[in-house]
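Just passing along the structure, written as structure tokens.
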Amino acid sequence: MEAVLEYWPVLIQGLWVTVWVSSCIILGAALGAIMLGVLRVSRTGVIRVLSMVFIECIRGPSALVLLFWVFYALPLLPGMPQLSPLAAAILVLALDGAVYGAEIVRAGIEAVNRGQADACHALGLSRFQSFTKVVLPQALSQIVPAFGSLARGMIKWTSIVSFIGVQDILYVANNVRAQTFETTIVFCLLAVLYWILTVLCGLVFRELEQVLPLNRALRAARAPSAYAPAGAAQ
Amino acid sequence: MLSAAEFSHSRPFVPEAATEAHGVAPKSKHAKWAIEFERISKFFGAHRVLVDLDLQVQPGEKVTLIGPSGSGKTTVLRLAMTLEKPTGGDIRIFGESILFDSAGKPLSTSQEARIRRRCGMVFQQFNLFPHLTVLQNLVLAPTTVLRQSKEQAENTALEYLRMVGLEGKVHAYPAQLSGGQQQRIAIARALILKPEILLLDEITSALDPELAGEVLDVVRGVAHETKVTLLIVTHEMRFAREVSDRIAVFDAGRIIEQGSPDKIFSYPECDRTRAFLQSVLNH
Amino acid sequence: MTWDWSYAVEIVPNLMVGVWYTILVTLASSAIALIGGLLLAILEIASTRLGRTFVRFWLELARGVPILILLYFTFYVLPQLGITIPAIPIGIGVLGVVYAAYCSEVYRGSLITIPTELRDACVALNLSQYVTWQRVLVPLMIKRAVPALLNYVLGLFRETAMLFAIGVPVLMGEAQVAGNESFRFLEPFTLAGIIYMAMNLPFLYLLSRYKDKHA
């Protein structure tokens, strides 16, 4: 145990890389998911189909295969860049998160009552205004919890980045293992660290749920408040 | 509050030409009609909801559409609000088509938005925005569509809240209000944009009977005090009788009979009208 | 360096071996996952606090720890304890155990949505606990769970690529071996990607058919 802990500076550094990569891909996936999710419910059939094909193409071969392809095979095609391990890792994992997230966003948007969009139309809001001010804020109440468990999963996805040489916690720990031969301890430590990271991520998303506009409104309605209860004479 | 009798007689009677079910409307380019449906048909898949509908409403006129469920009344309102597109025919608001430009091509989004701004709509299910407070519900359209300042929009919103008697609920969320209160807010939200035509789609159907009254009172006030053109779909026959200048009876996607409330309720001509009225009045 | 057709054709037989192992691993571990998940779900619903804690721990392990770590752990730690298991059963076992935890959640969720009136009816008919579970609740639970389970089996299939890390010759592993031998990565990885994508199609077909039938 002590032999392993002597390596704490490099372990911390590896952990930091994992945290950093996780944050980047979760953020990137969130933005990508909203954009793809919107395309997925587009009124134009062609856009809907194209976005669906794109989604299936990204998630079909799994993140691992895609990562190897982007890092080893893509640069061999004429005119394609050789990405750094970190860039390739973030790109692929964020993209993969975005396509899974897109389905969450689509389901969230479709779950918002049709009448809300009708009301926006009747009030003269444009489709964009109605999406950003009315539909999306409500859909978020359904999107955020589901995206939270996706994000937890995405932290675990980052373990594959060590394959292409990103020096994350798994990469560093493997080196420590090679030098100390403390296999059991190293892997138990890794399991605990990943578990803690995913739990923290879950907590962050639970906090995020609290501030969503629709959740705030429903909480206010549940709590006894200064306002007269429903049905009271006005 | 005015009595029902005073109400219906304080309105001019509608010209005979417009009361005929398939009367030929004069083709005037200057806005003789607030809203005009011309040979409108509407299919949902293979299901035919409206059949060659012709309906003209004068500016300031209050017209109520009645008839059995599924007879196409709500679709008429949704077409007027451009929530649906008709399968055939044309709809004009103050003489301007909401479907085609002068060259007969479909309207662009912005052209359509400009014309549809003259219409407002209140829905059966209120459709208030649940994540926004009452005040935010009211100022959303004025600030985004009319680009008013927040302060100006809020001041106007307070006036309208006072009008519907809910100035105490400014910062409440819709879920904290009764159905009747929510619907009054929804009416205020529609009126704040000063529509020239207001479409009321079964606005009391989702309410308990004891809450319907407060909503209908608000509409009576609007009908009495403003010059807004009203197109109403309702199952409240007493209310229809008090507030309307004209009643149009729908059946299976057609207007089978129309005329003044007195005529429709006291001397209906069609058997189907009589059967419908009997079924709802005995209810 | 551009695409070399003769090399691509040359490695296809190797990749096909990978396809075969991928199918094998997918089938074996989904069997573990589907059956184990059902048992876990029943254990959690029907048993004592101890059983419930055990299932919770299992679930938390599956949710919080990457499959790769679990794979390495079993692969490197078990031999130290004197237990030597070849890589393929380890891969199948770990994937199966992790996805059993996920599947148990699905079963449990679908059990919750079975209306309580149905259980009342079983009581009213004087059915024994055993018959109630075996003939009524479990079949209904499985039927409702099918689309979500199918999604997890698809997810499991996609994760089989991970097993190359402990030397299981799945498609991903074969592609990497082929690439390393000839220092040409474009063809093996591209072909592997395309084959993986094609192998998704049966799942997507099943899922869409299920949607059409029940939506």
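So that you can tell them apart, the chains are marked A, B and C in the order they are listed, and the count of residues begins at 1 in each.
Here, a contact is a pair of C-beta atoms (placed from the backbone, for glycine too) under 8 Å apart; a residue touches a chain by one contact, two chains touch by 3 or more.
Source: prediction; values computed, not measured.
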Shortest contact path, subunit B to subunit C, counted in steps: 2
Farthest chain (mean CA position) relative to subunit C: B
Closest chain to global C-alpha mean, per-chain Cα centroids: A
Centre distance in Å when subunit B and subunit C are each reduced to the mean of their C-alpha atoms: 56
Gap in Å, rounded to a whole number, between the CA centres of subunit B and subunit A: 45
Length of the line joining the C-alpha centres of subunit A and subunit C, rounded to whole Å: 22
Subunit C residues within the subunit A interface of the complex: 1-2, 60-61, 63-70, 72-73, 76-77, 80, 158-159, 161-162, 165, 172, 175-176, 179, 185-186, 189-190, 192-193, 196-197, 200, 204
Residue numbers on subunit A that touch subunit C, as the complex places them: 56-57, 59-62, 64-66, 68-69, 72-73, 76-78, 152, 156-157, 159-160, 163, 170, 177, 183-184, 187-188, 190-191, 194-195, 198-199
Contact footprint of subunit A on subunit B as seen in their complex: 81-83, 109, 113, 116-117, 119-121, 123, 125, 127-133, 140-141, 144-145, 165-166, 168-169, 172-178, 181, 189-190, 193, 199, 211, 214
Residues on subunit A engaged by subunit B in the complex (per definition of touch): 113, 115-116, 118-119, 121-127, 129, 133-134, 137-138, 141, 212-214, 216-218, 220-221, 225, 227, 229-232, 234
